[in-house]
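We just call them A, B, C, D, E and F in the order they show up, numbering each chain from 1.
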């Protein structure tokens, strides 16, 4: 069983390439980096629990309902505060996507470790957290530290994705806080851009992964990249090319990568197979509208087998 | 020229009778009590200016764009803060409508009189304000007082609608603050429920209107009601029945009533004609989806003529 | 086999109660008084041919395609000119429906009797025409006269519905022209308002029908009314109440009435049964969005049986 | 905890009053009499389990996902066979609703008691079944009998709603089979039409309820009716008027009634209060599009209090 | 006149790249390999008749109506049984399209040659059949054989497309049955994958076409391919490159190819021109949403002229 | 302040790649070459006035409302005549876009210079016109000449885009009339195809621009091209590559180019910077659905900086 916690916002996005400034219609979806990863893991067979605080309003209940529909075990501390919102406009090249994050004083920001069922964490086989959660409030930063430590102390595989949110804090601030969590982390996930911004590290992927692993004594370091993805484990770097994709919506693909990687490691797959599965889940997640990675286990397995094969 | 100011939120509503808790689509519209009234007046021929603060985001710009589309003169002080939101679920009887107001720390709440072009107020023929504006913040309460006083001092017809928002403040609190504005008000608009909640007044419409007018020395007192609407002026009470309506969306109908009444008085219509026009605008506003009263002058004129006639 | 001709426009209407002035979406449907009636007859089992001229553009072909989908035999003289359009806004009470007819120089207006397969008319069991067709152009007025005469000379049941279009011509003009057709007409259909405007006739339904029949020597006179419908035949007036309806869209209901009446008479139903069938078709047509009466024969038969029975 | 089982179909319906024969769009919802009732109970606070067999296809998984989204505990025996479908066309008066049931050889029909976790039934506080389930197959009829008996033997409140499906079997056939279940039933729910068709019983509601209760030794007999609803218990008949409703979609209202009644009895409400709650849930269910009764506990409680009060 | 018969299903597909498992909306279209080909031929000027059995339900009538709208002559034997359905999910690369065929016991499967107007077949200039039809039932296999033989005996151009459905039968089973039809076939259409699966033949296109033609004494052999299409006739192989396409929906493109090829041969085009026309129709069919090839004759002619020219 | 005049039609287009011939839905937008350019300029910070005649119908008012929403100053001479329409079908390659222009006798065609507020022209800093306007009627051709001359005489920057409409007139006709305007034009914009058709000029872009400038003594000549755009000024040709784009809708991109160029020159940008800005606006305009270039100043500025840099 995988356990995770964090904020899941309502994502409000105009259809197609319409603009926020002129649209009359918004599509609604419950999306968060941790719930996205948990959904990816769940769809690949791993039971998963998502914990958070939500406001007891139709908006908060909508988040819980949608996540339950993805078969997550949803543990909500119903509270005060707003429902976090994220207005998202998809802009084709060269316009670029545009996001208006609107999470001020959201209910999730007041969550502490006392608000969540700690036994779930103790019983978990794996615990997953992203840097987007401690970025939101001091309460959440404290809860994050205790969450990871509790899980680690009870023998869970602990996974952490940097998921840097530059509009919430600087890379330096993020680095200062997040490194305090690293001693409790087994699997560390970050993009090259995040490694540069938060840990001030660069270089070729292989050395980069090795350097990060050494510096913080991680068991696994995973780096999802544009053309390949990389996994370091036990002094070895594995790297496979990403499949060709006809992208519908790239949102949430790195969450899918992390969730699938954790699920594969829980299934005792060896690092190469786990990486291939994560690459496949990441690719398939981009074919689904919205940020939630509703991938199928069969498709992931089938595509994972083709990873690293020459393309037709 | 009519001048008004206040907050206009983005109204986000599921289509038809769908529920906020389960919907995947939201319709977007820029709606506020003052901009609604200004639009009603504008459509009946009165040039109208709406002033406010909006965040310089796609959401804030969307509000300005939509209001300009209704041919309002839009004077925005672009600022920080959120765009006010209002989630609105239409619930057929007996469910009832449901609103999740989400305006915490909205940009508009920090607006002061220094942020708006005071010459517009000085040059105006009429000024319109609702109680929903001072309810939002101390800044806005101060700006409201100065706005009404400036307009009154410069000879404008000043109109004030109670537009009580019980989720923002109690009737008692509202009454305490709002009565301070009354000396600068010529035309006072309130429903019977608002008169009870805010001024602690009840009774038959005629006496009620008379009592309110006497107590605060208003020139006009208008009371939109379920089956009739009432206008007191010069010691006389006028009352006409509302037309039969096949209601599509009742939101904004009292804003339409107030805006049309101001427009009619600016056109020098006598009280009876002005009331009939306001009644017609109110009835027509309920046939249009959303809260914005996009009524036609010809339809209003035609329907106003039929008011008080026996129904076929 | 029923044969008819006339113009069928593309009807462009905003969804629900949205306004033409503000909508961003229009629904498209091929609607015309003659094709509507032919569709009603076809759905009740009568083979039906619709003849007209359409422009050889995607818009004109769209009209032909949609009518074929209703199983009409479509005989098109492809020609120059525009596709007639009709912008239609549904306005709930008291707003009222609003129509922007846009048929200037439409292809249909240049149609003459030489453009249509006259054998179809000669072979027909019934021929149907409305006053909306001769109203459009001199060419069509000439074709209308020849169409009715040809059908009558060949023994068909000839049916004519006034379908007065006040925005095209005055009642007086209509009356002057249309009465010239009457000698070739067996079944005459008109509302009370049309009888007043075009024939300057009023009075109680029974006398009205009798008077019209006598004056023009019609075999049948049908008057669809708000609460009842009336059929005069052989010196007898039949009248039945309309069923209770929950109206979705009243457009086309009188076309459905006429088409169903013709179909029933072709089926040798007696006047009472035919009237009941027409009343049922008219009621059911109002439950379908748009102007095209896609009614079912079973539903019409079942409802016709209940006409004239006391309501539960 | 409430436990139920039965078939939940995908309901495919054209938007608004569009017709199946002409529509190009279908709305999709997972709807079944037992899952509907379980959802109503769940929303009023009662944990609820739904058990069934579904095909392991995107369609079957869609049913499970949607039901989980309503916070049901979903226990699926994934199997072969089709996903049951139900095409549903809403027809305003006088057209009437039209249903094309398409459930031939659906996966659910092969379900036996061996396929479901019997401990869930043994542990349940209440068990709910409808006559729609044994109507589908011999397997299901057998499972139905064992389900009710197991629950009764273990002390659960057993509830049964006739939910007669005349297109599946005759009233006589239904009566013959269903009466065999009655000895295991505590709460019996049926409409007057069902009592007539299946049990051949008629009369005034009070006597009818009493008669049914006596004949089969039920503890509770509930009869939802057009203007009132009735509950018999302990030799007493309770009857309250239904609230005024502005109906959006009546589907599923009697499922909501049954589910709410069971939930209220599990909450130890007295019969009058339970009936009022069920009446309120039934009324509110009709305001929601589709057949799934997504009612709110607060609204139900509030409306239940007003039941039996004189209407304003 | 072209005559064809086979099953046309209702294709139910989520909009865009949405998933069957999560969508709430399905788009509906009447699509079948034979009706698709007939529509392509009809749009290029060849009168075309489609014959089949449909259930007398709104769903069956919907199929007939839609096909009539494409100006096919629709000859339906209304019967019992279900309407065949095909749920179709478009999955961008690497997800792949997903189909849930749901045709068990569909009405069409019970069709025999006695149910269709044999004179239509005798009078036809061309007859078209696909392997998807005999795959559905023994009745249809028998009807298929008689259909092709009747047409051939009466001098029609007989065309057959393999249209292999691996989910209905194996390639071996298909090959065994279908080869029995070949003696009555003039024009044979198959993809390379189908030739491999059903006839166990491979190799370079030219030899492949030649080999197939020789083995079964076909007059024409056409092979639509990814980058080129091939037509063998009279010992000569013609091959042209496919135009560049921006694919909207590839479904039905090979049906369009076959239909256009038949139409061109009926127009006495020489093989090269006929192939170019078929290639053009195939390319244009992919630009239209859904499986129905609503191509224009002018566009096909214009594009056909550019086939084999160097690309700009 | 920029001033422009011309016809703005309602553009009616099916969603996505649907066909006019089969669609049931049309999207509505107010689009015209001059209003598009004015909107582009307005969004980049230049106040802009659009002048025209519109019919006083919901359709005409819709055009005015939508343009006001883009913050144009809209000066309408309300008049008789139709609202110009343009049915537009997007056809992916190789189908190609298809347009059914329907502007016969539109209100705009009767506009003369006497109908527009000439002081606006005299006070303008820049005046913009396209060849699409004089193409529509003799009245408009006369007004066009006077408009440009008035602006030039009053010291405005006069800009003219050929915007050739081959369905309205031949290149030769266009050339004959338009060259008469050239003496009053400072900035001349045309594509290579337009230069060939209207001025019978070809050649390499640099020489072409130089030749046109010399022949007509323009101050600036701009040529938007497929891969680059070119601006001639002061005997120098500037040329930059277009950015990579993921095209949503190319309509209106050259209007955006012209409008942005004028705005940049009014801002006293040097030719290179102005061209880069125009290139950026053109690229961004293609990412927005519809023909109206709702681009952002920040995005334009940011992308303009990247123009001419090597692509990553």
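Quick notes on this one:
Simple rule for what comes next: contacts are C-beta pairs under 8 Å (C-beta built on N, C-alpha and C of every residue); 3 or more make two chains touch, one makes a residue touch a chain.
Treat the numbers as computed from the prediction; the structure is a model and nothing was measured.
Shared contact partners of chain B and chain D, listed by label: A, C. When the C-beta contacts at A-F and at B-F are tallied, the pair with the greater total is A-F.
Superposition on CA atoms relates chain A and chain B by a rotation of 180 degrees, given as a multiple of 5. Its interface matching that of B-D in over half of the contact pairs by residue number, B-C stands out among B-C, A-B or B-F. Residues touching across the chain C and chain D pair largely diverge in numbering: under half of the numbers involved belong to both copies. Among the other chains, the CA centroid farthest from that of chain D is the one of F. Centres computed as Cα averages put chain A at a distance of 62 Å from chain C.
Between chain E and chain F, the centres computed from C-alpha atoms are 46 Å apart. Averaged Cα coordinates give chain A a centre that lies 40 Å from the centre of chain D. In chain F, 19, 21-22, 24, 65 are the positions where the chain touches two or more neighbouring chains simultaneously.
Arrangement of the chains shown, judged by which pairs touch: an irregular graph that fits none of the line, ring, star or complete shapes.
The chain pairs satisfying the stated touch condition come to A-B, A-D, A-E, A-F, B-C, B-D, B-F, C-D, C-E, C-F, D-E, E-F. Taken in their complex, chain B has these residues touching chain F: 64-66, 68-71.
Chain B makes touch with chain A in their complex at residues 12, 19-29, 57-59, 61-62, 65, 82-83, 85, 87, 89, 98, 100, 102, 104-105. The part of chain A that touches chain E in the complex is made up of residues 243-248, 283-284, 287-289, 294, 299, 303. On the chain C side of its complex with chain B, the touching residues are 16-19, 21-22, 91-96.
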